[in-house]
Amino acid sequence: MLPNEIFEKLRSVYSDQIIELIENHPSDSFITVNASALFEICHSLRDEAFFMFDYLMSLTGMDLGENLGVVYHLYSMQLKHKIVIKAFVPKEQPKVPSVERIWRTADWHEREAYDLIGVNFEGHHNLIRILLPYDWEGYPLRKDYTAPEMYHGMKVS
Amino acid sequence: MIQYFKNVWSGLSSTFLGMYITFKHLFVKKVTIQYPDQRFTLPDNARNRLKLEMERCNGCNSCVVACPVNCITLETVRVSPEDPHQEVHHNGNPRKMWVTRYEIDFAKCCYCGLCTQACPSDAIQHTQEYEYSSYKREDLYYKFQTLSPDQVAEKHRMYAELKAKDKPAKAEGATEEKKAKPEEKKEKEQ
Amino acid sequence: MGLLNKLDDPYDGGGIILGKVEELLNWGRSKSDWYLHFGLACCAIEFMAMNASHFDFMRFGTIPRTSPRQADFIMVTGTVTFKMADRIKVLYEQMAEPKYVISVGSCSNCGGPYWEHGYHVLKGVDKIIPVDVYIPGCPPRPEAFEEGMMKLQEKISHQAIFNKRKRLGIE
Amino acid sequence: MSEKKRLDLEYSQLDSDRMRLNVGPQHPSTHGVLRLEVEIDGEIVTEVIPHLGYLHRSFEKHCEKMTYPQIIPYIDRMDYISAMNNEWPYVMALEKMLDIKVPEKVEYIRVIVAELNRIANHQIAVATFGLDAGAFTPFLFFFRDREYIIWILEKLSGARLLYNYFRVGGLAGDTYPSFKEECLNVIEKVRKTNAEVMDLLIYNRIFIQRTANVGILTPEVAVNYACSGPVLRGSGLRYDLRKDEPYSIYDRFDFEVPVGKGEVGFVGDCWDRNIVRMQEMEQSCRIIEQALAQMPETGDVKANVPKRIKPPKGEVYMRTENPKGDLGFYIVSNGTDKPERLKARGTSFVNLSVIPEISKGYMFADLILILGSIDIVLGEVDR
């Protein structure tokens, strides 16, 4: 299925929750969706017979200045098609519904995005830091991040 | 019961097969390189310690730009035409820049070879030398500049004179920038 | 090497070794170093290659130990992060004296490629434990490991055991 | 008598307490600096909590500070066992963005070096897995042969482990005259050793007893956890990016995708994952042979690429089949010579996340085997 067909299908069900489809060759075309409806959209993307996106390739958190973004790369093992879903949330309240219950692989990906970017995934059963120490402060992949002076008595930079 | 004997047989046979293979290897040619006495011949493009040929280097800064880890410190000064000390490059062209400082921290270097590819005159090259471990980290900080400290001071003075002479010189900005960059890095390092 | 060279000594037609007890002890110490393998990153793969057939590290009298209590020296092979730094300190403290440290590769020498922007990388293992030999390279060739090992052996064989002032470098 | 009764009563009232054990981070058989917090009930593992990040080297932060060619050395250091394979998706993503067609010869050399590196990677994987199971000899055999592969790659690129050989639109250098013969020589050696290891290790009775029916990963769980590579194929799913969406020139070669069949136990156990690796080595040999025969003798090794690589604004997600699974790079470009965001989908990172799921209910000693059969590299897990 091509991205515009997926877009039309999603649009017919979720109307205004699906914001836009951006096609810009050579980059991959992606669908922007409303973060609040993300969980339902992902659920139907996995379960509907014409989508069957059972394989979450990658989940990326992004810092876009004012907003934080979450990017989902989906793939279907049976139908062999792909789609990219994006959701943006404001930096002050970065709340995104967790898709961990849909694709179990999202568990660690979401923890990583929380760890490095600071996206808050609501409904995640164990949202703690994964790569950095548990007592680390700040989210290093944000553009305005400055590393702390010291950590446990060791100089950082 | 039959299964039991089958299991015993398969256990024994696989053990003896393994032993046979191991035994066969007693007569295989030995591959160990007796290191301090024998050495493996490295290929020509082996990427080990860097060397700098000063007569080739024209201080163009492209190695510093190419280096991903910023382990090269380069500082250049424009050659004053009144300087009695003039040099020519290996290809006969007169030297335009004095390299007053060229230092590589081999503790930081990641031996990626990007600087050697960026160099337009093949001044910086990888060598076959890999045995240079040291007791102190400072010993891994190599200084390649050939000018003595006195000479460096002299060159800087000459350049300052030159700059004072023709203030609206065009090339001033460029050299100034190049000089400023390594100093910045030095500060960061400290 | 060392003591055995003295066999050629003209004393009593050879066959007798005259030397200090210290030399004998140092000879023994330097020729049977047991190490705690502390593989962290890329250098650990070269370290495995060095332990295998082509380079055979055990020719130098070294035996890999998995416990710090039995180790004479520790080879820090790879990037030390802050999360790992505490563990290295603990392991080093558990080792019995005299103990030595070999820092292998750019990363453990001074942070290596990560020295500038690596917010989670310790800039050199010598910030937390004293290092005896630095082996440069990213990763070093297996021969370079062995050369570093020889450097350490040389250091051990020239150490003063009984004279504490000399050992600590106090004149 | 009464004393014994009292003791019996006391013991029966004792709650068999669960114990928490720490495996790692410094542990000889964790394949790197991984810490596993294991809860065991007697000898049975009831819960595994992996703690990562002991090798978190801030790769993604570095990528935002570097120009595109400077990132390649850092990508090598991600999965340091198969550096050639790592560089490939990255340069392919940039080539897609910049719309560069690479020369024919480059494609062939890329395939050859990537497959050579795949063999080297699987050799380490099987060798260390053998170590975990208590077999030391295959380790020596494999590392001896791996050295020959490394010598070829060293002659091409100049380094032994972290090659930095791929460039955007080409390669760092051309092949050398005796390249073909040496490759064929190595293939012969690899096949010979593989045949020996098959007898010595894989079909050894002890090894089968140790690994069969251990760590069974069902296909549904594997897909849900987005596993890939030999871990997924060991579960019986024929999913290989080289076949499914052939990138580069993989559609020109004739090779098979080995899957786990459950020869000695259930499908998807440790033994299956291991035999898949062994068979993949053979398939890689076949690909190299075909590529060597088809490779054009002469040709450029670099396409026409602008000196400063500045991809247009946009984003691309490119994935290839790494020895460990599918490795993806998500590059967001903002039109400058530095990426806005670069995310690496670490294969081992995803494959490792299945550990808590598949190690429950097995013995504690089996946990190490399960970990070994996943074949992780911590540089890629933590990045």
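A, B, C and D are the chain letters, set down in written order, and residue numbers restart from 1 in every chain.
We adopt the following convention: a residue touches a chain if its C-beta (ideal position, glycine included) is under 8 Å from a C-beta of that chain, and two chains touch if they have at least 3 such contacts.
Remember, it's a predicted structure, so these values are computed and weren't measured experimentally.
Each of B-C and A-C has its own count of C-beta contacts, and the greater count is at B-C.
With centres taken as mean Cα positions, chain C sits 25 Å from chain B. For the pair chain A and chain C, the distance between C-alpha centroids works out to 46 Å.
Chain B has its Cα centroid 41 Å from the Cα centroid of chain A.
Rounded to whole angstrom units, the spacing between the C-alpha centres of chain B and chain D is 30. In chain A, the positions touching at least two other chains are 131-133, 140.
In chain B, 31, 68, 110-111 are the positions where the chain touches two or more neighbouring chains simultaneously.
Residue numbers of chain C whose C-beta contacts span two or more other chains: 53-54, 83, 113, 116, 119-120, 138, 141.
By the definition given earlier, chain contacts exist for A-C, A-D, B-C, B-D, C-D. Listed in rising order, the residues of chain A touching chain C in the complex are 131-133, 140, 145, 147, 151-152, 154-157. Those residues of chain C that touch chain D in the shared complex are 37-42, 44-46, 48-49, 52-54, 66, 78-79, 81, 83-84, 87, 91, 113-114, 116-121, 138-139, 141. The touching residues of chain B, when paired with chain D in their complex, are 7, 10-11, 14-15, 17-18, 21-22, 31, 42-43, 45-47, 66-68, 110-114, 117, 126. Within the complex formed with chain B, the chain C residues making contact are 53-56, 59, 106, 109-113, 115-116, 124, 126, 131-138, 140-141, 143-144, 146-148, 150-151, 155.
On chain B, the positions that touch chain C within their shared complex are 31-36, 39-40, 48-49, 68-70, 105-111, 130-137, 139-140, 188.
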